[in-house]
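The two complexes that follow have subunit A in common; it is paired with subunit B in the first and with subunit C in the second.
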Partner chain A sequence: MTEALAIQGLGYRRNQKQILKDINLTLPTGQIVGLLGANGAGKTTLMRLIAGSAINFRGAISVAGVTTAPQRKAQVSFSAQMDGFNPSWRVGQVADVMTALFPDFRTADFLQLAQLLALDQKQRIKRLSKGNQRKLQLAVTLSRRASLYLLDEPFDGIDVMTRKAMLSSILRWTPEQATLVISDHHVSDIDQLLDQVVVIKDQTVVAQEAADTIRTQGQSIEAYFESFYGGEQHD
Partner chain B sequence: MEFDDKVPIYYQIEQYINREIIVGNLAPGDQVPAVRQLALTLTVNVNTIQRALAELIRDGILVSERGKGNFVTTDTAVLAQMKQRVIEDELAETYDHLAGLGMAPAEMVAALEGYIKERKEGGSHD
Partner chain C sequence: MTSTSKVFWQMTKERVRQVTQLIEIDLGVIAVLVVMRLIGRLSSEDVLGFSTLFGLITVMVGFVAQAQSQEQVWVQNRWRLVPLADWKLYCASTLANLATSVYLWAVIAAVTTVEVLVSGVKGYWSNTNLVVLASVLVLILVMLMLLWTLISLEHMLTTMITDFLPGMQEKWLRRVIILVSIVVSLKLIDWFVDGITWLVNRAGITGASFNSSVTINGSGMVMHGTVLADLWLTIIMFAGAVLILSVLNCYLLSHWVETKQTPAAV
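After this line comes the complex of A and B, so read on.
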């Protein structure tokens, strides 16, 4: 079976600065994966590279068997894919734009998700609170029928009740054969959803482990993650 | 449902379903909710539910009927054994905790008897 994601020897530099190096990573289909790392560890850059929105890297990235950036864009639904949208657009207009950009976008799903997450269709993007912008990103991302979903810090600035609604949305709308990668630096936001975790530190992947394996050793995922950062991370 | 983050979640779900059977929320022959429904109810991922159900099927607690779903076994002997295991697990945990406090077995028995007597007389309901 084709892997959801296969990365070999990935390296990436920007402005003569090494952002990512020596990344090898394979993810199977049908899993929820936590991409864990401190702020600035390179999680967002890695997602941008996978999604095809950053190019000029070393190595190879393959998503559901396809390798070129345009092909990958068609297979990956990335939470930052609406970042360039006009902030004056209303929530309802976003669906029209997404439909034009991506043939796999399902407006009916988007309307249901928007309702579940209590998003007002008439509200302009720029008038949305930070939390509502995160919810809109989630609704847009999950409304595509993709092979790989990338959610970059989806719970940043989200309160507990909203987080529950978002977690339910993720479980309900992610297709069973798809793989979902969630980046987070607050592991407790997502730990009960995860099949496995990937830890990023010092510009590379330092660990990949099944959640069950970690817990079978009597360790929480949070403690496992923190063991790589040695208590240096506080926020 | 609140999970212990240091114990595999599939195992906690197995325990949860066992308890639902013991207390009678799920009766012998009852159908267990669909995988996706359970995933949503418990806010865990579908693979975790599938693993928990697979373990319960392996243990004979649940019976899978192709195309219909999963059902609680009607074999009462299997369910009685399961209940015995759950009770033993509880006892083992309590024993370990009390032993960790330095109590000898005889002291534990005396303390438990005293506690039960007190509960009865006090008419406590929690």
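After this line comes the complex of A and C, so read on.
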């Protein structure tokens, strides 16, 4: 069976500075994966490379068996795909534009998700609170029928109730055969969701482990992650 | 995969909406001018003159707005993550700009025509040769495309250099890079025009000979006179420059130009 994601020998430099190096990573289908790392570890950059918004890299990236950038873009739904929407637009207009541009965008799913997350269709983007903007980002991302979903720090600055609503949406709306990657440095936010954990440190993947294996060893995901940073503050 | 036509329509829709707002402002200005004419503060000729001037300003502001929209396409995830080859995205954006310009000009021309007819001012267009006018409009369209292409080239070169070299966070350094890339872009055009001129001279092509070899009768448009033929020769040269620079832009777009990194933004 084709993997959801296969990365080989990935390296990426920007401004002559090594951001990622020698990344090798394979993710199976139907998993929720936590991409963990301190601020600046390269989580967002890795997601940008997978999604196709960062392009000048070495190595190979394959999503659901396809490698070219346009094909990968058709297979990946990335939470940053909302960057650039006119802040004066209403929530409903975002759905219309997404329907026009992405053949796999399901308007009916978006409407249900928006209702579940208590998003007002008539509200303008710039009038939404930070939490509601995050909800909109999540609703747009999950309304596509993709093979791989990338959520970049979806709970950053979000209150507990909103976080719970978003977590339940993630569990309910991610298709069974799809793989979902969530990046975060607040591990406690997402640890109950995860099937797998990938840790990034020193510009590379230093660990990939099944969440159940970590739990059966009597360790929390948070403690497992912190063990790579030697208890140092990573906030 | 998304089709190029869908991206084109979406871009055109958004840009037409943008220039429609400019047209609304232009119509507002014309309404004020008409009121001033009715209360006797302006003559019909003044109203026509001022409204034509505001029409030109609207077209220029529209050009800048479209250039800005085009540049955002290259660096925003919203467009760059659409499953479409980069060269198709480039073509869709350029064609959307072209279509929007035609829409803007058509509306401004229609408004001016209505004004001329209503005002009863005679001789406003009496010396206008429609064939020459059409040729000039095509030339201006091609020149607009060339300008957009140059702006894109300059933007892409700047993005590429600032992403590649270290220490590019400094503002003054970025400005130097922008200046250098503008000079490089203009130099490229200069070389291209020199090259074409050399080729044209070497082949012995003149406006007159071009005129005799390219005559379009079927469509009702007949080229006549050296001036008109020279005009079309210039159009072809500019179109060639647009094509070559577009190929270069597509290469930069697919190999070097990445989207802005704004993880917290929606």
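Just so we're on the same page, the second predicted complex is superposed on the first by the 233 of 235 C-alpha atoms of A that agree within 3 Å, B and C clash if a C-alpha of one lies under 4 Å from a C-alpha of the other, contacts with A are read in each partner's own complex, and residues count from 1 in each chain.
By our rule, contacts are C-beta pairs under 8 Å (C-beta built on N, C-alpha and C of every residue); 3 or more make two chains touch, one makes a residue touch a chain.
Just so we're clear, the structure is a prediction, and the values are computed from it rather than from any experiment.
Peer 1: Quick check on the subunit A-based superposition: subunit B and subunit C, clash or fit?
Peer 2: fit
Peer 1: I'd like to know which partner A:101 touches here: subunit B for first, subunit C for second, both or neither.
Peer 2: second
Peer 1: Which partner chains sit in contact with A:167 here, subunit B, subunit C, both or neither? Use first/second/both/neither.
Peer 2: first
Peer 1: With both structures fitted on chain A, tell me whether subunit B or subunit C touches more of subunit A's residues.
Peer 2: Partner touching more subunit A residues in the overlay: C.
Peer 1: Which partner does A:17 reach: the first (subunit B), the second (subunit C), both, or neither?
Peer 2: Second partner only, subunit C.
Peer 1: Classify the contacts of A:80 with the two partner chains as first (subunit B alone), second (subunit C alone), both, or neither.
Peer 2: A:80 sits against subunit C, while subunit B stays out of touch.
Peer 1: Taking the superposition on A as described, I'd like to know which of subunit B and subunit C A:218 touches: first, second, both or neither.
Peer 2: first
Peer 1: Tell me the contact category for A:53 with respect to subunit B and subunit C: first, second, both or neither.
Peer 2: second
Peer 1: Could you read off the angle at the CA centre of subunit A, spanning the centres of subunit B and subunit C, to the nearest 10°?
Peer 2: For this superposed arrangement the angle is about 160 degrees.
Peer 1: Output check: A:152 vs subunit B and subunit C. Expected answer is one of first, second, both, neither. What do you get?
Peer 2: second
Peer 1: What does the superposition give for the shortest Cα distance from subunit B to subunit C, in Å?
Peer 2: 26 Å.
Peer 1: What part of subunit A is in contact with subunit B in the complex they form?
Peer 2: Residues of subunit A touching subunit B: 30-32, 164, 167-168, 171-172, 176, 188, 191-195, 211-212, 215-216, 218-223.
Peer 1: Spell out the residues on subunit B that touch subunit A in their complex, using ranges where they run on.
Peer 2: By the definition above, subunit B touches subunit A via 3, 5-10, 36, 39-40, 43-48, 51.
Peer 1: In their complex, what parts of subunit A are in touch with subunit C?
Peer 2: My answer: residues 14-17, 44-45, 48, 51-56, 69-71, 73-74, 76, 78, 80-85, 97, 100-103, 125, 128, 133-134, 136-137, 152-153, 156.
Peer 1: Enumerate the contact residues on subunit C facing subunit A in the complex.
Peer 2: Residues 1-2, 6-7, 9-10, 72, 76-86, 162-168, 254-266 of subunit C touch subunit A in their complex.
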